[in-house]
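Note that subunit A is present in both complexes that follow, paired respectively with subunit B and with subunit C.
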Partner chain A sequence: MQKQRTMKKEYVQKLIFYVSIIGLPLIQFMIFYLFVNFNSLLLSFKNYEMIGGELTQSFAGFTHLLDAYKLLFTEPLFAYCLKNSVVFYLLNVISGTVFSLSFSYYIYKKRNYSNFFKAMLYLPAIVSGMVLSVVFKYFFNLGIPAIVKMVTGTNILGWTDNFIVEYYMVVIYNFIISLGSNMLIYTGTMASISESSIEAAQLDGANKYQEFWYIVIPSIFRTLSLFLVTNLLTIFNGQHNIFNFFGQKASEKLYTFGYYLYIQVLGANGNLVEFPPIAALGLALTSFAIPIMFTVRWLFNKYGPSEE
Partner chain B sequence: MKKSKFNNKTQKSSLFIILGTVLSIYAFVMLLLLVWAFITALKFPSGHFNEFRDREFMFLEGAPWEWAWTNFSTVFNYLKVRIYIDTAIGTIETTRNVWEMLVNTLIYTIGGSFVSMIVPCLVGYATSMTKFRFNKVMNAIVWTTMIIPIIGNQPSEIEMMINLGLYDTWIGFLIQKSYFITIYYLIFQAAFRSLPYSLVESAYLDGANDYRVMFNIMIPLVKNLMLTIMLLLFITFWNDYNYPLIYLRTKPTLAYGVYYLFHINHENVIENEPMKLAGSMILFTPILILFICFRDKLMSNLSMGGVKE
Partner chain C sequence: MRQKKTLTKLIALCIAIITTCSAFLVSAGCTNDSPIDTSKSQLKVYSFTGGVGRAFLDDAITRFQNDYANYEFEPGSGKKGVQIIPSAVKSTEINTLASSGNHVLFAEAANYDALVSGEDVLEVTDIVTKPLNQVLGSDVCSETATIESKLYPESKDYLTFKDGKYFGLPHYTYYSTLIYNKKLFDDNKLYFINNPGEVTQPEEYFIFSSTDVKSCGPDGKMGTSDDGLPATWDEFWILCDYMKETITPFTFTNTNSGESIEYLLNAVYLNLAGKDQARLNYTYDSKGEKITIIESFDTQGNPVTKEEVVTNENYGVVLNSQLAKYQAIEVANKVINATDYRSTDSKTGLNMLRVQQNFIESRHYGSKPTAFLIEGSYWYNEAADANYFDDAKNAYNGFESMNEFLPMPLPRVYSGTAEDVKQVASTKKDGIIKHVVNDQPDAYGVINAKFAGDTNLINLAKMFFAYCYTQESLEQFTILSRCPKNMNYEIPEGKLTGYAKANWEYYKSADLVNPYSSSDIYMNKKRQFSLHLSNSFWRGKTYTSVYASMRDGRTPQSYFEDVMIKMA
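And then the complex of A and B:
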């Protein structure tokens, strides 16, 4: 009986400790995640109006949501958003996965100058995205014509303020700065691969390509698939440095969904009247994003490589 | 004899030769960009824009230069962000100078990085060191929210913060950033799980309570990980201007100021490339110093199994 009472007292003490630690973060989660997202759903069905200096709200029905779907399928701006968002996502997958993984393998294997390359790959993570993109923009706009002039003696005409040049500038920049993305996590996960697996492959005569493909990739696939799935979200909410390059003045042909949503919220300047259509567009995009993300995750789980 | 699937030894290290070459090109491009930016930031802005454009790329033209260190002080003196404050009598237009932006940056960066590090750390500790069934719910929350895509919820968040009186306030910012649903929660959880539980047991036998075990024994064992994550977050907050632009409209940070310099600025004196790049170097230099001082910590290998020095 005494033992039972002591155990109960210990349990209550543990419970008090547990609640004192997780209680506030859990309330924060309920307000800033659950409530915010539920409220976002409600906001899509609301109208805010200023009547006689008073902010009033009314039920808007499905008007905003239907308008959002209609805009997504008919407005040429959103065709650009879709095209650019997918292109930048794919670039990010190639650069941030294929190249970043290969570079992480080089660093994990401690090849020549790997510490220097590690620092260089880490550079985009420490330099402000805006600073780096603006430096890149100036260099691209001014440096490349100067190099061409130096080498060939001719001036490139129409280089600046040319949409094609701007587009490739953003594409190349996004590719370059993603090269080191997730490198620390990849090298950290690679470092936890057991030495015996690597040695066994080497004894079997595996070359470095085979070691990378058959041992390293399956061993880190769980981390890799998490990044690939979560990166899919950037199709719908990624700005892909468009705001860094152009502020609110990007050409419509360069828009992504993320950029469009961001400048809409920024332009609203905290004015609630403008929020319901933006929330409805977000809801419409979420309705496409959820099935895509879960299908891709299911495919990874079903067909991805096993660690065994 | 069973034939191995690994039988090709001919391409012994060609993979590393290719990777080393690509990495060298990448490193060259990155260094070139930064060196060019530093040198251009130290050039005198030409009175005539095109004249400057024609010569500015040339690294060595006219060397040795007379370095225009005054560019930095000019940016410091002239960079001002225009802000609009809503009051009972209407909207007031005012400006914030670099010193005020610096104070805002320190509050934003130190406060934001601290709460964003400590909350996942404490929650990660509680869920890894106790055996409550609710831990599974907490883990499920983190994993699920990481993969459920919610798009366009900023208007809702702003609406809620306005209604709670938290919009455009430091306390609102700190509460908003006190979330545990980040990858750092998983990293801390893995780090605590990797520590020997016997330490906790012997502390309990010595009569220590849960708080004492957590703060005096276990947390000090992950202080390196805490420092690494705090530094990573510090850099992220220092460079971030997207959040202050929307949520802290009257509290511009230095990054916000540099955004303003590049995209909105109305001051003619600093409306040229050397001045703009000097402004960006003001933002970059403290982080470069931090990186040089803590590069080993910053580049330690993070994994969902903790941190490896």
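And then the complex of A and C:
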């Protein structure tokens, strides 16, 4: 009897521990992912209309979705969105693979000042993205023109008003900002590589480049491919800090799909009437994202390097 | 080695604490720390502080608390009087009423019909339609007028769209405008002379001495306060060219990427279109009256116009093709791209407040004074709250005698001379072309429906809400915020001074465009036609903002053609 009671107590304690650990993320997942996406899916097929002061809703069928596809293929604005979204993704890939991997390897090998670089490169990731972009914006808008004026006596444009450089400044900012967080994941994964594999490679006479290419990359390839595949989604939903810099008035040359959706929702100002077409556009973009993601994942699994 | 590890751990701990606490530190300034007085009933009131500040709210709270110091809002509880807890910040709390702890809210950028449809706000018909002395008690308020009697007809129509009931009331209003420094104009004689005759030199357009007769100005009538100011946009550019060597014509902030240019576009459009035409953007039916629209452009890029009525069927195409809209884009293009018309501040991303400060001090500091500030009419209150006027008075001798900032009456006729404007004015009522202002901020006062079950609390909330619309409160609001409430009321002579007076007089003498109607089309498509900031009124099918497009080298014609096809 006493034993049963102890077991029950242990079971309850384990259950409490389990719920307290898993509960919060589960609730978060349900509210901010499942519910939001399910509601967005339903919205795509609804029609809200104010008739005689009453908000009415009806089944819209595929009207909004078809309109969304038509919009995507006929509106010239979406050509900018596609170009910019792909450019930002590719930059993210370059900074998140080439540079992050190089830095991560440097830190993993505990070279000079590696901890300092680790802290410095990760620092932007712990500061709020909005704060960081505001600091960046004001430095280039006010700081640089003030320095130039002090040194040369000439006035130059702040970069948000300088349409020649604004695009490149956003590109540079996104490049820098995506370095840190990836690096931390890679160093963590590299730390789990078996020391014996590295030693074996070194005994076989592998140089650092060969060690990196033939041992480290295959060992972390699952993490790397996960990063590349999940980041593909940012082509269709990433606003890439455009809003932080330009509010709702960015030049169309800077538009991404994510930014477009973001300002549409913001501009709707809680008006249900305007939500279904926006939700349908999101669904249309998802219909492109899913097959691309699965194809890329399949390609990585089939042709990517193996640990064996 | 151990010391190094301890130091590293200490640094890591410090960073972790700073990072964790930063969120709390940020929100620390937003709370109201007044202790709760349990001997009184409590009411929480939110007000958006942008533009109008919080002085009016503090004043209303103090008066209400004093007037009802012995009143029992919760009968039988033993509590007497009320403690009102203000929350005066810049936030979008109005969009999240379900999670708001505030009972009464005065908010900007509120979507009134969405709030009503979502049943987020409480019905207030009883306090709006009853005489105020009955709502507030005759010992506190002697007014026999109802709040409803102070509403503009357009406001009544929109506010009662659902079953004829009221769920909120208009809050403050401001309009898009240019601000000019009258003393700068006086001292430099920047006024057009009446009948200049054959002009060979630019200075011949302007008066030589203060006794010269000025032209009729944009209202087309001699002897009014706007005499000598540019009567048409042609004259406006003559003035800019004349002054630009010694005075910078325009300053504005280009942060928020073109918001100031939307102020300019709205102000130019409204004055060129006139009230009746501008109201069609909300009613979509001109009842047989024709407006001038652009049909196409000829090979030289000149607009080919025609007259058209607006109906519930063709409103999309016709309203997007208004000639006045194109003319406003042409004006904006000139301001954006004529670099010698713009201040350095407008090119460096300086924020709104710093631009205001530099404009205020421009006659005393810097290389050139500035003639016009593109802003909302609330700007003076913001600058005063930041102490810019007090600082300037202390810093510069003769500041007050050298500066007088006023809303700039804009041309209502696009091209030609003052004589042409006189002709147009002669066909109008009283021989005057009135200026037009819009209600820009979408600001409403509402009561949070979340607390509907608490009868005593709701009675208290309704009484405070009604109290904010008494004659005394409306006057105090206008005096303290230097902005009008969007209500039809008068202020006795002598109560307003300085910019508050100028702003009030400009607003009251204008044709007011209230930006809403109870039309189903408005409710469903308002973002397409409302002149509110960030709406689609100025957007094209491809292009997103006039500012960004003009800056990127688009022509007004190509932008406008994109706007024209938006609803086609």
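Quick notes
Note that the second predicted complex is superposed on the first by the 249 of 308 C-alpha atoms of A that agree within 3 Å, B and C clash if a C-alpha of one lies under 4 Å from a C-alpha of the other, contacts with A are read in each partner's own complex, and residues count from 1 in each chain.
By our rule, contacts are C-beta pairs under 8 Å (C-beta built on N, C-alpha and C of every residue); 3 or more make two chains touch, one makes a residue touch a chain.
What you see is a predicted model; the values in this text were computed from it and never measured.
In the superposition on chain A, A:Val12 makes contact with neither subunit B nor subunit C.
Contacts of A:Lys249 after superposition: both subunit B and subunit C are touched. Look at A:Gly143: by the touch rule set out above, it reaches subunit B but stays clear of subunit C.
When both complexes are overlaid on chain A, the residue A:Ala268 reaches subunit B and subunit C alike. Touch criterion met: A:Ile51 reaches subunit C, while subunit B stays clear of it. In the superposition on chain A, contact of A:Tyr33 is made with subunit B only, not with subunit C. In the superposed pair of complexes, A:Ile126 makes contact with subunit B and with subunit C alike. Number of subunit A residues touched is higher for B, counting subunit B against subunit C.
By the touch criterion defined above, A:Glu75 reaches subunit C but does not reach subunit B.
Look at A:Lys109: by the touch rule set out above, it reaches subunit B but stays clear of subunit C. Annotation: subunit A residues 126, 128, 138, 142, 246-249, 268-270, 272 touch subunit B in one complex and subunit C in the other.
Across the interface of their complex, subunit B is touched by residues 13-15, 17-18, 21-22, 24-26, 28-29, 31-33, 35-37, 39-40, 42-43, 99, 102-103, 105-106, 109, 111-113, 116-132, 134-136, 138-139, 142-143, 146-147, 176, 179, 184-185, 187-189, 191-192, 201, 204-210, 212, 214, 223, 226, 229-230, 232-233, 236-237, 243, 246-249, 257, 261-262, 265-266, 268-270, 272, 275-276, 278-279, 281-283, 285-286, 289-290, 293-294, 297 of subunit A.
In the complex of the two chains, the subunit B residues touching subunit A come out as 4-13, 15-16, 19-20, 22-23, 26-27, 29-34, 36-37, 40, 53, 56-58, 119, 122-123, 125-127, 130, 132, 134, 138, 141, 145-160, 162, 167-168, 175-176, 178-181, 209-211, 232, 235, 238-239, 241-242, 245-246, 249, 255, 258-259, 262-264, 273, 276-277, 280, 283-284, 287-288, 291, 295, 298-305, 307-308. By the touch criterion stated above, subunit C contacts subunit A in their complex at residues 8, 15, 19, 22, 95, 109, 111, 113-115, 117-118, 161-163, 254-259, 344, 346-350, 518, 520, 523-524, 526-527, 534-536, 541-545, 547-549, 551-552. Listed in rising order, the residues of subunit A touching subunit C in the complex are 49-55, 75-77, 115, 126, 128, 137-138, 141-142, 145, 155, 157-161, 163, 246-253, 255, 267-274.
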